[in-house]
Every structure is written in structure tokens, then in C-alpha cells.
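We just call them A, B, C and D in the order they show up, numbering each chain from 1.
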Amino acid sequence: MNDPTVHIPVIVICTSLIGAFLAPVLGKYRPALVGLMARLIAPVNALLLVILLRYVDAGETFHYYMGGWAPPWGIALSVDYLAIYVALIIHLVSAVILLYAKDDLFGEVRGDLHRWYYTLFLLLVAAMTALAFSHDFFNIFVFTEIATIAACALIAIKPKKECIEASFKYLILSTVGSGFILLALALIYMVTGHFNLTLVAQNMGAAAEAYPLNIMVSLALLIVGFGVKSALFPLHVWLPDAHSSAPSPSSAVLSGLVVKIYAVVLIRIILTVFGGEVLAAAPIADMILIIASVAIIAGSLFALAQTDIKLLLAFSTVAQVGYIYMGISLLSETGTMGGLVHIFNHALMKTLLFLAAGAIIHQTGLRKISDLDGIAKRMPITMAVFSVGALSMVGIPGFNGFISKMYLATGAFDAGKPVFILVILMSSLLNGLYYLPIVVRAFLGTNAEEGKFAKDELPLSMTFPLVILGLACIYFGLLPGSLLELVRKAAHYLIAV
Amino acid sequence: MDDLVLQTITRILMPFIQVYGIFVIVNGHLSPGGGFAGGTILGASVILYALTFNVGAAEDLYPDDLAEAVESSSVLIFVLVGLFAILMGANFLTNIGIFPSPETGTLFTGGFVTPLTLAIGVKVASTVITLFTHLFGEKKP
Amino acid sequence: MNIISGLIQNYFYFASIVIFLIGTHVMLTHSNLIKKIMGMNIMETGIFLFVVSIGYIRGGSAPIVPIDGRGVRFINPLPSALILTGIVVGVSLTAFALSLVIELYKYYGTTDSDEIMEMRRRER
Amino acid sequence: MLDAELVKYLPVAAVLLPLVACIPLWAIEQRSAQIRDWFAISINAISLGLIVAMYPTIARGGTIFLEFPQLLPPFGISFKVDVVGFSFALIAAFVWLLCTIYSKSYMEYEPACNRYYPFLLLCLSGCLGVFLTGDLFSLFLFFELMSLASYVLVVHNQTKEALAVGYRYLMLTLVASLSLLFAIIITFEVTGSTSLVSGNYFPAASGLASITFFAFLAGFGMKMGIVPFHIWLPEAHPVAPAGASALLSGIMLKTGAYGLLRVIYQVFGMETVSGAGWQTMLLVMAGITILFGSALAIAQRGLKKRLAYSSIAQMGYILMGMALFNENGLTGDVYHVFTHALIKSTLFLCAGAIISATGKHTVDEIKGIGYRMPVTMTCFTIAALAMIGIPPLNGFVSKVFLSVGALDAGQSAYAVILVISSLMNGIYYLPIVISAFLGGEGEAIGPIKRRFGLEMAPSMMVPIVILSVAIFATGLMPEGFALQLSKAAAQLLLSS
């Protein structure tokens, strides 16, 4: 394979890694360059991924073997639509977040830690990209851990006690999750003798017959393990604190990307490795479906009770992760598409909302929703963009959130489970109940103390990413054709195997 | 801890420990061991030094700035070695035979494995030391 | 009977699961943060034991092809490699967790999570 | 005569023009209020012109169809205009233009006009979109646009009351739109299409079909304000500025009626609806709505509130007309859309004029207003009489058709309800008129705010007068333009 395009997955991961480890050294001598480098890496990588996508479009999806060693010896990367789709989301969204981080970080992170912030961020991006491409349990475990530590550190880097505590809680629960995952991998390895996903999948049938207990236990452990990391409902307890106390760019990346990448990995494992027979033997899909429904409703209800804007957004993430799980566990093509497209849409919306909330906090220091009366007069652009995000969350047609809800609902119908349409509609209503009052308050509320928000509008480096995200929400709400095409292929890959 | 016996023995032992660590690292492709194990041994030598003298002395021996540079560059070396293979037209991390390969079982048969384990070893050693000094010295991580 | 004999034959699995459960229990129920971290390590040890014992063959040797290429029974290197990585991860997690505990101690003057929760509640 | 290719783009242009024009409007209004007003008015006028330009094609019995499948897959957006949609759109754009002209002076003393006009245009776009689209999904899309944009009109005054009412309105809108979405998804899934061309998706009543029907009924009924779903209406309409209340009551309620018409005749078909017993249910709901709305209107003291309750009763007429399933009933139904749009907007605009001139909100306070504001009260009287159904006016025509339809359908009870309701209309409208002209010479009111020496600004007076003339005109020419359109619409719906 002399075509340089095939190396793109590795190059993408490596550039992020190189960036991550150049940052501390570079930051010491040329602090200004670090941010610039970080902001360059993500878009360039996204561009590379688009090239890769074109390449994959032209031919088949393929596997990339590290060091040229084919499995069972070598480590494999799977270059398929799902991986490229997820990796693209990661790089596009983190590019925007990094743009935003430039000025926001000064308010939240000590100056001498900025370079380490970029290190952690890029490390996290590299780990997530690697997770998207991994075709190997070994790699999945390693990069899960890297991502976890980087994510915890991204929270703890803010020198506030809430952050440290949230980070500790996150760390402990993630470690339990990791332990479960490792145990599950060991059980799978025990009965199949492989770590490579394809080989495990090939041996799964026989193994499931001979050792049904092992397979079931490992499946359960995997669901719990990745469930903790991706904040599937009863295991979400760490999320609200962690996502709400972190610096805003961290919150955005954690809520927008990190929780989803674990969901993707879990789904990839369950659907492509365990496959239909195991899923048919036990009502795993139905169980996840029900858990996801509970997550959607409960997450929304919790969000309804919040008074802190970032906490509200964090609880909303719990509900939205439920959407993703629900879509994919519907096991119909449209449902899977709905779940996958929601990964992208939610990444856009939630990043937008967290960044907008961050902008408000950056400008005014206000976090309580009740304090935000009439804030749109001081921050019209931010609040306009926030409204776009909120409407998108509610699922107003014309915004991208609607597309995923549409597909989820049709997927539920296709799967012969129309009851879940009601869950989706109900949660839309709940979303409306907690998002719209914020918007109404901001635009129509009158604050008693005039001149309370005396500061100027935001710097361009914060406004620009917000506007980009807002426009993206509308664009993908109106013309999602190309996105859906990609998602359809990814869903096909998941369902077909 | 001002124990002359300990300090003297440490001084004598340290080079041996370090040589052993390096031995384990460079023999990574021939025997059990490799970057992780050897790096830990290397790091342990400095930890021993820190325990018998004091943490400050160890920090002077291995300052933070150096640690940062070493840790970053070792990862970079690892990645760059991997990328070098791509440059040569093979897959990432492919062991291209640009080194002369003498007979099997001798030290220089690893090709790229040796620089990689070296990078890992240095990184691990550095990390072990900084972790210890930071936690012990209660400096910011 | 079957279960018991299975347990006795696979005593290392049994032991590792017991260690794992002890660790998890300590981690989730103890309020002392340092004990939580210790539980974390115990739990990981359980898993490590489990995984290594999968690949272990009695009397096997390290999986490096000898020079003369004799047929030797090798221990499966993959679980060991996985666990080596796992140990590294465990060390870094422990170190990170410990540094967080140090920070928390600076803020709250205690390493007990219940007391910290109590303080936070009072702050609100 | 327009080129056929060009005609295809008329509906899109009519719908999108107000939508797109919001952006220049927003830019303009930062500079000059005067240009803003005229810009908004001209956009309205152009939209109306574009709709009128479709008339030749429609009059020939043709339909205009254009679709954009790449927008919002899997449904795509399509525009299809037949005589039903055209009639609704025509009256909507006409009344909208007049209300915008009216707003020009009315809003002069109101706050936040810079928000009012763009949202008025957005609403227009949504409203025309509902009437001119060719499939349920596009309809839903514009329905949503209109509902959300009209929220801003409802809470325009930003008083505590307005915000509380607005919140309820917003939430009910959300519920309505979700139940519509639910129904549309099921329709799409069952039949593979949401197009309004093929029609009769659900050949027979089944469990799924009835869930779908009730979801549609809840969704559109919420907008229409028929009785169990009316709770937001009497609160929301009065708090809005007069121009917006006129549009909310006069036009936007009709989007619900329009949607329900399409659903009954083209999604389910008459056989299914009557076979499942929903026809009877609809009729009963209509009867309850008429009596309930009228009864509560009598009890209201607030002028605008009384008008709002009256709207509920009138929407009952429309619901009844569409549930009668015969030509006379349907003709009366569509004709009543015209009638009620003209009458109710006249009444609201008059009420707005009174409120802005005197600051009085309740019926009791405006005794003798006829002496102070003769033009306003004359127009009000004409509209009130039309509403009651006094012969030469258009309200009479629609009531005749509706009654004949009821008798044709063998539902004479509903003819009686119509008569009773006319009586009740009399009970709550006539006292206003009588006390206005005979209740003294307006001593209690005190001096009114006069503009340009008139009882109100000319740009407010002209729309009111035009509307009253239209009420007269449609009533005096019973075989006129409006009735022809209604008949054609009725035939089209019955044949589908």
C-alpha cells in the first residue's frame, strides 16, 4: 500500500499526539504559539479525514495494520464510515472549541497551566480519535484509559475545589468502569483467544455456544463499564458535577464529544462483535432501550429542577446520551441513523450551549438562571446563538435537533416499537420546559438593577465559534443531505455485520 | 534522613541499578523486560537517592524543566519513529531494515525496536521520578 | 458438586474475583479518599491476576523465540502485555488520584468524602 | 398571463419573501422607523400580489406544484397550491397587509417595535407556508414557524401577565406541535408519504388510525381553539397588540382549520371519518364549542376578551362546517373563513383603536363612544351585525350555507344551534353597539387622543374602513368572488 491516503488515520492520531507533547515545551518558550498550533491541528486533521472519506467512498472500507503485521499479531485500525464519521465530528468540534478557548481560558485556568491545558486537550482528542478507529480490544482499553485521565485532568486543571472534587468522583467511577471493561475483555479473550474485533466476532458464535456464561457476563460488564464512562442513566452520577464545574471549553468537549465516544465504542462492540446471535439470546437491546428511555425522561426531569445553567446543561446531556443509546438499540436502520446523527447534532448543540453559557459566565460571572433576566440586551449575539441551540434541543423543525428526533421516531416505528415515539416527544416537551424559559427570560425579562451587565460584548475569538456553531445547527437542520448520506453508510456498516 | 551508611551504599548502588535498567531496556527484544520494566528500574534509582538524601536533592538531580523536555521528546521520538516508517512507504511503526542486521540473538537485531524501547524507558523513568518528587514534595502536579 | 469442583480447579479465577470484589467494595463504600484509592488498586490487582492467569501455562516460558528455534511451550504474551499496560495505567490513575486528594486536603483539611460533602452542603 | 414556469415559483416566492425580508428589515430598522414600516408594508403587499398572480392558474382549476426534496430529507419541502390553499392564503395576505398598515400608527407609542415587524413578517411567512405547501411535513414546518413567531407577538408588551400567558401559549404550542409530529410520523410510516396529493391514506379505521386522528385533532385543534383545547386562546389574544390580535384571531386560527380540513378530507377521507364515528364526535365538539364560546363571551367584560371568546364560537362554526360532509356545509365553511377573517379583524382593529384612543379596556367603560369615534363604531357595528348574521352582510351568507348544509346532512339540531348562537352573538355584540350610540354622549370617557384631527390616524382608519367595505361587498354580492372560491374549494375537497 503505497498510497499515502491510507495512513491518514495514523497521521491524524499522531499529529494530535505530537501537538500534545510539543505544547508543554513550546509553551515554555513561545506561549503564543501553543494555542495557534492547537488551533491549526484540528482543522488540518479534519481536512485529512475528509480526504480519507473521499478515498473510502471510492473503494471499500479497509483495515490498517500497525507495523504491517496482520492480525492476530498486529494491532488493527478499522477505517470505515463509522470511524471516519466519529473522527470527523471530534476534530471539527474540537477545532471550534479550541478557537473559543483562546480567550476563555484566561478567566478559568492559571496562566502557566495553559500549555498543559492544550496538552491534555490534544491528548484527549488523540485518544478519542484512536478510539474511533480502534479495531482491537487492547487499543480500546489503552485509549479509553488515556481519554479518561485526560478528561479528569481537564476538569481538575481549574483551581477550584468543586472541580477537584468532581474530578475525583469522575476518576473513581471511571476506574470502576475501566476495571469492568478490563475484566470483560479478559473474559472475551478467554473464550475466543483474540483481541482483534474481527477475529473475536468470527469466534463469537462457537464461544457463545460453549461458554454462554462468559459471554453474557462480559457483555454485562462492558455495558456497565462503558455505561459509567458514557453516563448511561443510573450510572451518570459523576457527570453533572464534572461537566458543570469544569472550565467551559472542557465542559463543551466532555459533554459534546467524550461521553459519546464511549457510547460509540460500546455500540460498535455490541453490534459488530457480539452480533445478532448473542443479542437474540438475551434481550440486551430491549434492556438498553428501556434504560435509555428512562435516561431520557429522568435526565430531562433532573434538568428541570436545576437553577445553575451549566448544571442544567449537564443533566440535559444525560438525557441526550439516552437518545443515542435508544436510537442504536432500536436495531432498525433509521433508528441507528437517528442515534448516529444525534451524535453529531448533539455535539454541535451541546458544545454551542456550553460555550454560550461559558461566554455568559465569562462576561458577567452569572450562573444562576434566575439572574439572567434581560441578559440578551447586553449579549445579543450570544443569546441569539443560545436560542438556536435551545430550539434545536427542543426539536423545532429547521434546526438540526429535529433531524435526529425525526429519525429516532421513524426508527422507533420501523422497529415496531411506536411507544418510544412517545418517549421522544415527551422529552422534547420537557426540553422545551427547561430550555425555553431561559431564552424567554433572557430576551423578554427585565432586570431590576440597570447596568448590572456593564461589560462589553465578547471578544471575536469567542463570538466567532459561537456563530459558526449556530449557523451549523441551522445548516444541518435544513440541508442534512450529505450528513445523512454518511450516517446511512455508517449505520449500514453497524447493522450489516 | 542523614544516614551515612544508607547514603554511601546508595551512591555505590546507583550506577549499578542504572546500568541494569539500561540493560533491561536495550535487551527488550531479546529477553523479558523492555521499556517499562527498565524505565522503572532507572527511575527507582533516583527514588532511592531521593529517599536516602532528600527530595530536594533529587529535584536538583533531575529538575522539572528537564523532566518536561524529556517526557515530551520521548513521546515525540516514539511517534516520529513510527511516522518515519510511513515516510519510507510502509505502515505506521513498521520495522524497516535500515539498520544492518547481524545474526539473531545479538543486541542490534531489533531495528526500530531499540530506539522505541529506549524512548519508552526514558519516558517511564522520567515519569516515575517526577511522580515521586511531586507527590512527596507536595508540589502542584 | 460441579460448581465446587469448578471452583477448586479454577481457584485462581475464584481468588481474583474475590480480590476484585473486595477492592470494589472498599472503593465504593469507604468514605476515606485514600482508602478509596487503595480499593482501586486492590480491584485492579484482582483483574490483573485474572488476566494473567488466563494466559499462564504451567511450566511455560517467556515468549521469546530462542536462537535455535526449539519448540518451547510459551506463555501467551498478550494477556501479560495487556496487564503490563494495565499496571501502567493503574499507576498513573493512582498518582493522579493521589494528587487530587492532596489538593482536596488543601481545600478541606480532610480526606474523608463524607466530611467534604457535609462542608459543601453547609457552604450552600 | 404569466409563464407556467414562472407560476411554479410564485408560492415559494410568496412564502419566502417575508422570511428573507426579515434580515434587511432588521438592518433597516436600526436606522429609521419610517422606512421600516413602509418596507414591512411593501413586503406584505408584494406577497399579496404574488398570491393574486396565482389566481388565473387556480381559476382554470389548475394546481401549482413545486418541490425541494433535498431540503430536510426524508420528507423534503414541497409547495402545492390548489383552490383551497389559495383561498386561505389570499384572505390571509389581504388581512395581513391591512393589519400591517394599521400597525404603523398603532405601534407608534408601543415599545419594541423593532421586534414587532420582523416577527409579523415571520408569522406571515409561516402562515402562508401552511396554506401553500403540498405535504403534511412542510405544513408542519411552517405551522411551527408561525406558532413560535406568534409567541413573540403575544408577549409583545412584556407585562407580567403577558409573559405568564405567553408561557402557557408556548407550552401548549409545543404540545400541539409534538402531537402533530407524532401523527405525521405515523402517517409517513404507514403510507410512505406525507403528500397531500394522493389523499386517503388510512382506508379504514384501525387503532393506529384513531391514534393518528386524535393526534392531528389535538394538534390542529389546539391552534384552532376548539373547546377542550381552547384554554390558551382567550388569554393570549387580548394581551397582544391590536394588529397582532386581529391576525391571531382572524388568520392564524384558520391555519388549524385548514390543517384539519386537509386531514379529514385528504388524509383520512370522509368514509373513514364517518365510519369510525369521528364525524359525530366532531359535530358534538363543534356544537359544544359554539355554545361554550358564546356563553363565555357574554360573561366577559373586557372588550378584547369578549372578542376572543367569540372567536372560539366562530371556530366552532368552521369545525361544524367541515364535519357536515356535504357541499353546502363545506362551502359555508370556507366562506365562513373569509367572513370571520374580515369580521374578526375589523372588530379587533376597532377595539385597538378604541383602546389606543381612550385607554379603556372594558365594555362598560365605553358607553357613548359612538359620539367620540363615529367611524370606528360604525365599522364595529357593521362587523358586529355581520357576525350576528343580519341579512345583507356576509355573515348571513355563511350561516345560510352552514344551516342548509346541516339540514342536508340530516343534522337539524345543528341548524338550531346556529340560530341559538346567532342569538347569543346578538346578546354580546348588540349591547356594545347600543351603549356606544345610545349610552350618552361619551361623558364618562373623557377626551380622546386625536391624531391629525381625526379620531385615529388615517393609516389606522383606512384598513378598518376597507375591511368593513369588504364585509359589505362580500355580503351584497352573494354570488361573488369569495363564494365562487368557496364552492370550488368545497368541490375539490369533496372529490378527493
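In this text, a residue touches a chain if its C-beta (ideal position, glycine included) is under 8 Å from a C-beta of that chain, and two chains touch if they have at least 3 such contacts.
Please read all numbers here as calculations on a predicted model, not as lab measurements.
When the interfaces A-D and A-B are ranked by C-beta pairs in contact, the top one is A-D.
In this assembly, the chain whose C-alpha centre lies farthest from chain A is D.
Averaging C-alpha coordinates per chain places the centre of chain C 70 Å away from that of chain D. Distance between chain centres (mean CA atoms), chain A to chain D: 45 Å. Averaged Cα coordinates give chain A a centre that lies 35 Å from the centre of chain B. Centroids built from CA atoms put chain D at 79 Å from chain B. Those residues of chain C lying in contact with chain A across their complex are 20, 23-24, 27-28, 33, 36, 40, 43-44, 47, 50-51, 54, 78-79, 81-82, 85-86, 89, 92-93, 96-97, 100-101, 103-104, 107-108, 116, 120. Those residues of chain B that touch chain C in the complex are listed here as 30-32, 36, 104-105, 124, 127, 131, 134-135, 138, 141. The touching residues of chain A, counted against chain D in their complex, run 391, 394, 396-398, 403, 406, 409-410, 413-414, 418, 421-422, 425, 428-429, 432-433, 436-437, 440, 444, 446, 477-481, 484. Contact residues on chain B toward chain A in their complex (touch as defined above): 65, 68-69, 71-73, 75-76, 79-80, 82-83, 85-86, 89-95. Across the interface of their complex, chain B is touched by residues 62, 64, 67, 84, 88, 91-92, 95-96, 98-99, 102 of chain C.
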